[in-house]
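Given below, in the form of structure tokens, are the structures.
Both of the next two complexes hold chain A, though its partner changes from chain B to chain C.
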Partner chain A sequence: MKTSVMTRVVARVLLVPALVVALAILIKGYADTGDGFNAGVIAALGMLLQYVAFGYEEAERMMPVRLVAVIAFGGLLLSLAVALLPLFWGLAIFTHVPGPGEEVIHLGTVELITPVVFDIGVFMLVFGFAVGAIDLLARAIHRRET
Partner chain B sequence: MRPRLAAPVGAVFAALAFAATLWGWLLAGGGTVDLPWAPSWDLRFTLALDGLAALYSLLATGIGFAVTVYASRYLPLHLEHQGRSEADIPRFHFFILMFMGSMVGLVMAQDLILIFVFWDLTAIASYYLIGYDAHERDSRRSALMALLVTGITAVCLLIGALMLYAAYGTFSLPALIEASEPGALLAAAGALIAVAGLAKSAQVPFQFWLPRAMAAPTPVSAYLHSAAMVAAGVFLLGRFYPLIQKTDWLLDALLVVGLGSMAVGGILALTRNVLKQLLAYSTISQYGYVVFMFGLGGEYGAVGASFYVIAHALAKAALFLTAGAVTEATHGETRLSHLGGLRRELPFLMVASGFSAAGLAALPLTIGFFKDELFFEAALERGGVFPALAVAGAVLTFAYTWRFWSGIFLGERRSEAHGVPAAMTVPVAALGALVIAGGLYVAPFARLAQAAGEVTFNAPTPIDPAYHLDARAENLMALATYALGVLVILSRSFWIGAAEAFARLGELAGPERLYFASLKGLNAFSDRIHDLEVRDLRTRVATILGPTGVLVGAGLLFTPTRGAYEVGAIGPLDWPLFLALILVAVAAIATVFPRRHLTLALVLSSVGYILAVVFAFFGGPDVAMVQVLVETIMALLFIGILVLLPRKVLEREASNPIPRRRKVRDAGVALIAGFFAFAVSWSTLSQPALEESVAQEHIRLAPEAHAKDVVTAILADFRGLDTLGEITVVGIALLGIATLLSRGRLW
Partner chain C sequence: MIVFTLGLTWTLAVLLSLLDGRKHPVGGIALGGLAAGFAGLLVLGWEVFTNGPVTMVAGGWPPGVGITLRADALGVTFAVLSVGVILIALAYEAVSGIESRTFPALAMFMAAGLTGLFLTGDAFNFYVFFEIAMIAAYALTGYGERARQLRAAFIFAVVNLLGSVLFLIGVGALYHLTGTLDMRMIAERVAAAQPNAALLTAVAIFVAFSLKLGLFPFHYWLPAVYTGVRPSVAAMLSGALANIGSYGLLRFGGELLPQELEMGATALFVLGTTSIIYGALQAVSRRTMTEVLAYSAIGQVGYILIALGIGGPVGFAAAVVYAIINSLNKLLLFLAAGLRGWMVGAAFAVGAFSVAGVPPAAGFLGKLVLFQASLAVESVALVALIFIGGALSFVYSFQIYQRVFWKPQARAYKISPSTARLLVAGVAGLLLFAGAWPEPLLALGQRAAAAVLLGGAP
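For the complex of A and B:
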């Protein structure tokens, strides 16, 4: 089953904006609505659109889908590390840096604080999970049909 | 790595451990390691090399060494017979070393929880060793039985430890021994701990797992019986003896259990035909003596029990290794009725194991003579009928030991045999030599037993076993034992019928039946629950919703709810929200009707989308956004899965009418659960809001966490641990999907 040209063009055009929006939501999460979870789902929806429009073989050729397992579990490890590393300094888990009342380094609106790193881990996991699940499903469907 | 290297590595480790223990005990004079382990829970990692620890660790490492040397030749042959590859060799040595390590840890531990941890480690190691021939069903079942019997009773040990902690506020055994006072609590805790020890030592009524454990390869049996698993049981009694002996009835109970085990083990050993079965029952009876001596009490009992363990370990290990070598020499023959007359083929083994057999039978000039001397002295000290019972037990030992040894080497030849490798006879000879050495010069062994006895008795125990060439009671009892033993051997045809009837009675009505019955009952019960709960998705949801609804309802009915269930006013601003909620309700009701799965998926997600509108009204943009996104991706995944299912199945499911009874049941469950959920929500929302809620605290703290968005701060900071748990679940779910769809290959 081949999708129409219009669908394919729209899907292609929407991919980059979806990823940019996701990135914006992710890094501005501490200042505005949204967080790593939302960003992950939005980015995954952008990818999903490619699957719908082009089929899984082409979508895989187009994007580094093979990396999503690494992304997902890398994200999980990153979040775990942020949570548990303070233990090595004798602090309680989830002790974030900088602490309350301390100076924060800003890059524009982006704050350089460890909760953001934790959030990035969540983003990677959610993104990896959604894309991974879609890809596994698409492959399974493909296998059944052939 | 070559698998054959495992044997030398294991043997070297065992030898080094033995040397280290010997050095630590003789030259360094013991010592203690004491580290805080989990200080907030009052747990300390305390190891001490005292007399008792030295005795059992020397046994564990020394006999472990003999067993690994023996296994270096036995195991390749064993695997060859079974057609298995040599790759299985390292597993054996790994678990033997683990067994040895946990045993040494157990005997040195001074902290109750540490003792429990090592205790369970020995059970785990024994599970893998007994089930080493994992392709045989019998072997797996025996391993499971040993694990269950010793593992479940290990919980008694834990309960006892926690009771003592609750009463005296410490897990340290020396502190407990000083602080504890006789009473109901100490008796109960002591009884629980004794149960754990007795089960591990395979005493009546837990004896049934040990003969089954003979499914293990012979070196494992030898080790299990003489120096590890089974010895750990009586070790535990010895370690906790200062606590146990404060309660008189516990000692009496030990007497009864010990006597019962002596009788059951001894009589059954006289009837068994399979070599290792005979030895297994003999072990039960031998540890029965030890328990009996603990029950007798007094300094003779304490030292005697320790000495008995040494003497028995040396002799029994050698006899097991003999059984293995004989079976090997005769191409797998294990039955006494088919063995005999091997004196010409295996003369060296005959002499070597003869020493050990003499030791077990307590003949003079062997270490065994002194074990019985102390045993008789302990019984004499107590007086009454006990000396007579002691002699009766010793007679049984004498008779079945003779049966074992003479059945193999004497009489006429009944089977073909060839020689066995030296590595399989030398350990037997070495152990036999030790048995004789102990008989000629008993002082080192006696000193070790004395040191152990001092720990057990918690007081000095100046007892020296020695030969006395006079007509004292012990000597007369020994002579009576030999005479009666010969009589029993000669009169076999008179009593064998009764003994076999006794064995059959045990098979028919013994505790093993109870074990199997309870295992079967548990299995059937869990099958029923499984059937009820997970037969299909509807039933599963019903089994969750039904009880939840009933429990919530019960909670609601029994909670005083004054002024609950108010109907508030609806202001002009509430109307859009109200309409949205009505839409949600309509959509939710609509999910009941569609027959086609695709329609159902779309209707379901429409509920979610409208709910997102509700959240937006409430001023929760974060939540609304998450709701929309989750709903979208869920709907897409749902449709993807529907595509994956065969169309025929979907159509059949859609056209199949649901039986009326199921419909009624599902509707009833849904109504109950829905009604009470509604009632609880209503009554909760009717309560006035709390002045100071957690949410306000979160909002107040958000700026301090450098966050302008409270929701994100909650997720990544305040309630970060929750998030961590949730994302871990997401990761596992991905693995689950991969397992279901592509056999676990992610990419």
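For the complex of A and C:
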């Protein structure tokens, strides 16, 4: 299946904005609209566009899709760690650091709090899983066509 | 301690999914981890039974804002039972050689899901853990990866996804009615809700759990799945995963929607009776062992439904005791179905005794508590039903025992590894032991029933 030049250019141009939007939604998610799940889906859609426009082989050459399983399970582990680590200080699971009402370190407008780390884990899981699934499907279709 | 078991199994599940489960050490790690989780659950159970329910609110938020994890007598009992069953099934598979790289991880995910589900105090969280366990089960059903198993996995996934959607609708409706997802608060507020809406919700939840359990009108998927999968997976499905159904009916029916349960008692009796008779008759007429066991499973859950319909401390205690015994029976029979050798024949006979409700096996105890429960409501029909059901199960268990273990083998068979046979014999020993010394089991049932009736209050 050959796509037109127009499609390919648009797909390529849209990839970076998609990732940036995903990043914005991810780090602002805790205080604003959005979270790791939405960010993961948006970023994965950006990747899906590459698969549609360039085909399976080209897309795989462009991006390190082999790593998606590690990304997905790494994300799950990261989220679990954020949930479980407070136990070692005798706190309930999912306790925020810094807690409600405490001083938060700002990096520009980004707030550095542990729920953001949890969301990053969720993002990695969703993104890794979605891209992995897309890759698997694309590979199956590719195999049937050739 | 709640989080220890949950966190341990979950983290291990993630780590194991990155490793190749066919290698020996990986199976060993999985077994060791699951055994540690099981030990943790036993400790937690000890705490719950001596000091009352253990509660933890996520994030240290005040109750009502945060999501609660709560272990009470009922939840802990089912958690210990289910994780124990998975542990034995995993050990069984590990000694006979794991064939798939994902098997240990999936078994672990299932254990994590089930632990979470039995130890959560939040209706939506219940759904989430339930899905974790179910998704692991879908993948496990396909274990073996032959056409038969994949077909079974497909049926299983489609039917159970329907059940999940129904359950999610039920949870949504509960939230709509009561404005909360915390189980205790739902139990407090649902009495004030509109009765019709509450009844509809109860029906949706009941149908969802009946699908999981494989009760009579919702049973159509069960024989195809149980005959298609491998013995160890069948043992996990019917010994551990099916507990979701009995636990869910007890928790949501007995604790959260008690009025609706009372209203539906007649329906429960009718469905339970049909399940028992239908399952037993079908089982009598079947030839292959797994088919008989599958239909027997349909019949056995009917008894749990009857006990639930009777209700009150006696009925709920009977339901818990019967669920425990039934789950151990199924574990033993399905595992024994995959083995050959003299010890297995004896173990299978114990399991068959237990299903038929003949002393000294624990199944006798199950039938006994049901008798007591039916006498408590002074129903001759129920007593007669349990008697007929027992007689029929006696027929089919021994038919199959004769056919499989007595018949001179036409071709030479391979005797299975002795560790696997020892494992099965161990489960049989446990059933005999529970039958010979029933007090702990009965006390357990009463404590769990009390937890249901109190709405989890200490």
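Going forward, the second predicted complex is superposed on the first by the 146 of 146 C-alpha atoms of A that agree within 3 Å, B and C clash if a C-alpha of one lies under 4 Å from a C-alpha of the other, contacts with A are read in each partner's own complex, and residues count from 1 in each chain.
The rule is simple: a residue touches a chain if its C-beta (ideal position, glycine included) is under 8 Å from a C-beta of that chain, and two chains touch if they have at least 3 such contacts.
Predicted model only: the values in this text are computed from it and were never measured.
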A:9 touches, of chain B and chain C: first, second, both or neither? neither
First (chain B), second (chain C), both or neither touched by A:122: first
Which of chain B and chain C A:91 touches, first, second, both or neither: second
Comparing the two partners chain B and chain C, which touches a greater set of residues in chain A: B
Touching partner for A:66 - first (chain B), second (chain C), both, neither: first
Partner chain(s) touched by A:76 [first = chain B, second = chain C, both, neither]: both
Which superposed partner A:32 touches (first chain B, second chain C, both, neither): first
First (chain B), second (chain C), both or neither touched by A:130: first
Contact residues common to both interfaces of chain A (with chain B and with chain C): 69, 73, 76, 80, 83, 93-94, 96
List of chain A residues in touch with chain C within their complex: 69-70, 73, 76-77, 80, 83-84, 87, 91-96, 99
Residues of chain B defined as touching chain A within the complex: 621-622, 625-626, 629-630, 632-633, 636-637, 640-641, 643-644, 646, 704-709, 711-713, 715-717, 720-721, 723-724, 727-728, 730-731, 733-734, 737-738, 741-742, 746-747
Touching residues on chain A, where the partner in the complex is chain B: 29-38, 41-42, 44-45, 48, 65-66, 68-69, 72-73, 75-76, 79-80, 83, 93-94, 96, 98, 100-101, 104, 111, 113, 115-116, 118-119, 121-122, 125-126, 128-130, 132-134, 136-141, 144
Of chain C, residues touching chain A in the complex: 3-4, 7, 10-11, 14-15, 17-18, 56-60, 66, 69
